[in-house]
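First chain A sits with chain B, and in the next complex the same chain sits with chain C.
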Partner chain A sequence: MSGIDLINVVKRFGALTVIDGVNLEIAEGEFVVFVGPSGCGKSTLLRMIAGLEEISDGELRIAGSRMNETPPAKRNIAMVFQSYALYPHMNVERNLGFALETARLPATEIRERVVKAAKFLKIDHLLERRPAQLSGGQQQRVAIGRALVRQQKLFLFDEPLSNLDADLRMEMRVEIARIHREVKATTVYVTHDQMEAMTLADRIVVLKDGDIAQVGTPMELYERPANRFVASFIGSPRMNFLPGLLAREGEESVLSLSGRRHHLVAYDYAGDVTLGIRPEDLMLGGGDATLEAEVLLVEPLGGESLVHLNVGDGRSIVVKAQGKPDIRPGATTLVGWKHERAHVFDKEDRALLPGRA
Partner chain B sequence: MVRSTTNRRLHRLAIYALFSVVALYTLFPFYWMIASSLKSGQAIFDVTFLPDLKFNNYEAILSDGVFLRSLMNSLIVAASVVALSLGLAIAAAYALGRIEFRGRSPIMFLFLAVSMFPQIALLSGLFEMIRWLGLYNTLGSLIFAYMIFTLPFNIWVLTTFMRNLPRQIEEAAIMDGCSPLRIVRCIFLPMMGPALISTGLLAFIASWNEFLFALTFILTDENRTVPVAIALISGSSRYEFPYGAIMAASTIVTVPLIVLALLFQKYIVSGLTAGAVKG
Partner chain C sequence: MARGVMRIGLNATRARTAWLFLVPSLVVLFAVALWPLGRTFLFSFTDAFLTEPDIYGYVGFENYFTLFEDPLWWQSVRNTLFFTVISVSIETALGLAIALLLNAHISGRGLMRAVILIPWSIPVVVSARMWQWMLHDQFGILNHVLKLMGFIDNGIAWTANPNLVMPVIIAVDVWITTPFMVLLILAGLQMLPKSIYEAASIDGVSEWRQFTALTLPLLAPSIAVAVLFRLLDALRMFDLSFVLSSNSDDTKTVSIYAREVLVNFQDMGVGSAASAAIFLMIAIVTAVYVTVFRLNRRLLGV
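Up next is the complex of A and B:
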């Protein structure tokens, strides 16, 4: 009953189009993450759902009804802001209960709901404190609690973790996942951090320049990125890209890469392509296809190492290897991959699938 | 090492010396006023720095019905000016600070320009307006007139303050279902406490001390405010000028201001700097 439909939604600021015709259906109870680089329009899109930005064109439906003209407070939405936006002059209890107070609920019910939310978020010992007396993580919990007490069916998060340090960010990520599991509210979450997107989302919406680059489950985006933008945005370290030439030869395609020819399954495409391989899909020493490379740098991370290689023409690639490989900078090595783990992108940076153009 | 400690001592000595000079310069008139008010009869003409601690000037002035009445009038005028100018300034500041509309900065500069006119230039025009409004010789005339110089300043300070309140807090309140009125009342006003107190206090002081308008727009004793009332205190004969009573009255008039200033001291500083630095 509380899904969100975006139908050809457009946002213009004067002559500038920030959101350019977005179509998206979000199912009830789904956790959808908007992700993209800064300026891609992800926050604007979220604010349009919230009602904090007007919709220039198209339609927003929540639970099936048109919401374009509905004021934010009547959309049955709770929102968590990046800066937490706690009311500095109220203690935690009043911060949590303020929306209910505004809605003129009886004091006993407000108290009941506030205490319940505070217990749920483990901030019930902080009710008397003011925001300034709380740590960043506690402030974040209050901000989430303020959304929880309203018992809405729809949650919006606008980069809620970006003001926290790394440890707390991980802790709160787990916490948000738990809240979603237990509250089961439809959730739209904006972040620029692909790791948050991967770990939290049922579905990820990758935005680029005000348009959707791809929508899919985290694993779909990781395994089958629809274009080079998504491929480089999802996954860390970034996917490696190498230029090549694809030609059709009978029942198979041949990829020419750094002077070597690799026989691939048939693609209905010929011309300049970009080959994309993730660092974790590259292997030192072997594979279906190999390149010769010079070791530039080895970065041991403990359980694994990042090996930076020069593959000629000043191009460098990164390999994620298990443990600490026994190679030194300056040495020459073979680096290889399995064909099925390689992604091929055409001149327009669209992903090519075998047999199709 | 030795040199540097003597240097530091000299340095500190110089600071204290300078501080004492400034303190003496600013506080001596007040001291003289208080000391004189506590002398009685002819003693006031002796140049002695220690007061006599005689309170008959105070007894005289506090038993004077006209003076007490004018004290009350001043209180009514100053309090009304503070309440009205803060109320109007808050509404104006919300519009000027939080809502985008064309002509916002021209309006701001117009306010500033209005507050730059010297009082005397406004006097005759204002007099006509007050007569036309039927406010002549009422406290309303003073409240009306004082708003002219308190409002622009209050609007200016509160607008810069309001503009700097975080946008996301306002949006959070919108999501929480607040009307603009509730946002201003429950969220912005408490956050603006220091600015409200300092602008309110300055408006109070300005209205409390104002002389020219108070002299011009009020005709009869029962409507006078304190600065004019003090100036008009006269002795039993035209050859006697009651310095003692005037000094006592001046002291009584200063006390509320000092009490208010001390009471809100810490807010005044933060309020004024907030407006000043961010403006």
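Up next is the complex of A and C:
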């Protein structure tokens, strides 16, 4: 058992509340990603789990036991830092073995575990080197290796890939997924990159201003964002938003958008709304609902293109189209979508679901 | 080919510019350091007197023989080395301890950092005078306090007692220069990455082992530089001894010895020989220290 329970956890720095009553259960072996913009409290929350930050209020349980007062060393965790936190004066082998050395394990076992981890991470040819003699990606592998050799049940990652370039980030992302598959440790991973969150996570926790905006599997968050914040944070390019007015007319609701009326299924809500449609759900030329738009810019990405459109009132939207559509900036086109692919948000930016009332 | 020529031309111009910038400081260095040093070495082989330094004859190594046969010279060498080793050791240990304290997250440490520098910012002669008064056998505050507390009946002659004067000088030097060590070591401490300590605390490394296995080796270069500075200073120590106990043979340093021969006895030849010997002594100590430290670094893999 090595699940984590956060019960009404609060963190205050003086008068400033950075974590505002978070409740979360993380199951054993689960890979959970905390994601959110900078300043949302994701790293603070992770550091509270690690024991590097005190918990102001609420309770943290690891494997069912209260951990609030337990020092980091006794929480049976291993952590990988954004800055790698390698010991600069020790070579890779000592960096990997230092914790075991401290725990007074026999030298043969230390060597065995270090070599095993080094082989697993493909850094066994670097054991004699010092951190300064390694590339960023190699340093990251050593940092992960140092966590691995301790054979803990709980892994914490604090933005481990943000100091790497795009190619290495992808490579290490795949590597971390492989490690989790083989080691099966409960993992909490912090990132600001929604792509990392989508590809790695069993469940994503989206944080905003010290509070959980939504928890769910990557596809749940993508398909059914609970609010406009999650909707715009998950998915790239980000979701398009258009203002509209929703009114109830008998058995259906009518959405007024840019002077057109669209008949939708019934919603239990009337008033100003925001319609959200992902770029990949927009189609040039047709759909259940359409808008007239002026082409601003076409960005070909190879297999697909991003088409920027002006839909009037100075609002622009982005359409992800297959291949390279045969349109030029300045041309007028129809852009449309299917009703079931559109998200409707109320005045408080909460997602509206079709009402059964 | 053409590009190669261009590059050489550019490099040559750069080198010329570099020399141009270096010339003023080289001229000054030559005028204030190399020239006097050369003159000192020159005079150490002559029988010149300070009254008429222009009239002299060469006497070979005679001045050095005179110097090395003088028991007072050897006593001043012993005094200097004793003072250096003891005072620098205490200052390093104390400096490290205080720097670690000031580096901890305690309230009011900003103020503490400023306060701790005060002793070092006072000119040494002023500090020495101040201590001389405080240590005065009849009117000094130290004896007064000790008497009040009942530890002693009569005032102790701190700077006159041959057994006490050296410890007293070392104590005052520690008071004056520990802040310097604190400053340099604290600067080194603040360069250490915080995250490695977080990683170590998660890995179950005790605070003491964090200190011995992480802080000390990573701090070693900073400490080594600070010790080197202090070593050079302490080997040339003059003012403290001169003010606190100017005539005592028990605290005579090599610098005081050289001045005495040169100024009091007007003997430029032996005085210069003593100065040259001091220069060589400091050069040798520094060379040995730097070599040993480099070797250590390589062995330790720091």
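Everything below uses one rule, namely that the second predicted complex is superposed on the first by the 355 of 357 C-alpha atoms of A that agree within 3 Å, B and C clash if a C-alpha of one lies under 4 Å from a C-alpha of the other, contacts with A are read in each partner's own complex, and residues count from 1 in each chain.
Just so it is clear, a contact is a pair of C-beta atoms (placed from the backbone, for glycine too) under 8 Å apart; a residue touches a chain by one contact, two chains touch by 3 or more.
Everything quoted here is computed from the prediction, not taken from an experiment.
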Fit or clash - chain C, chain B, common chain A: clash
Touching partner for A:Ala99 - first (chain B), second (chain C), both, neither: both
Touching partner for A:Asn310 - first (chain B), second (chain C), both, neither: neither
Touching partner for A:Ser258 - first (chain B), second (chain C), both, neither: neither
Which of chain B and chain C A:Asn91 touches, first, second, both or neither: second
Chain B versus chain C as contact partner of A:Ser56, first or second or both or neither: neither
Superposition-derived comparison: chain B or chain C, residues of chain A touched: C
Colliding region between chain B and chain C, picked from 3-11, 147-155 or 201-209 after the shared-chain fit: 201-209
Chain A positions touched by chain B in one structure and by chain C in the second: 50, 52, 72-73, 77-79, 81, 83, 85-90, 98-99, 102-103, 146, 150
Footprint of chain B on chain A - complex, ascending: 50, 52, 72-73, 77-79, 81-83, 85-90, 98-99, 102-103, 146, 150
List of chain A residues in touch with chain C within their complex: 50-52, 71-75, 77-79, 81, 83-91, 98-99, 102-103, 130, 146, 150
Complex interface listing, chain B residues touching chain A: 166, 168-169, 171-178, 182, 186-187, 190-191, 193
Sites on chain C touched by chain A in the complex: 193, 195-196, 198-206, 209, 213-214, 217-218, 301-302
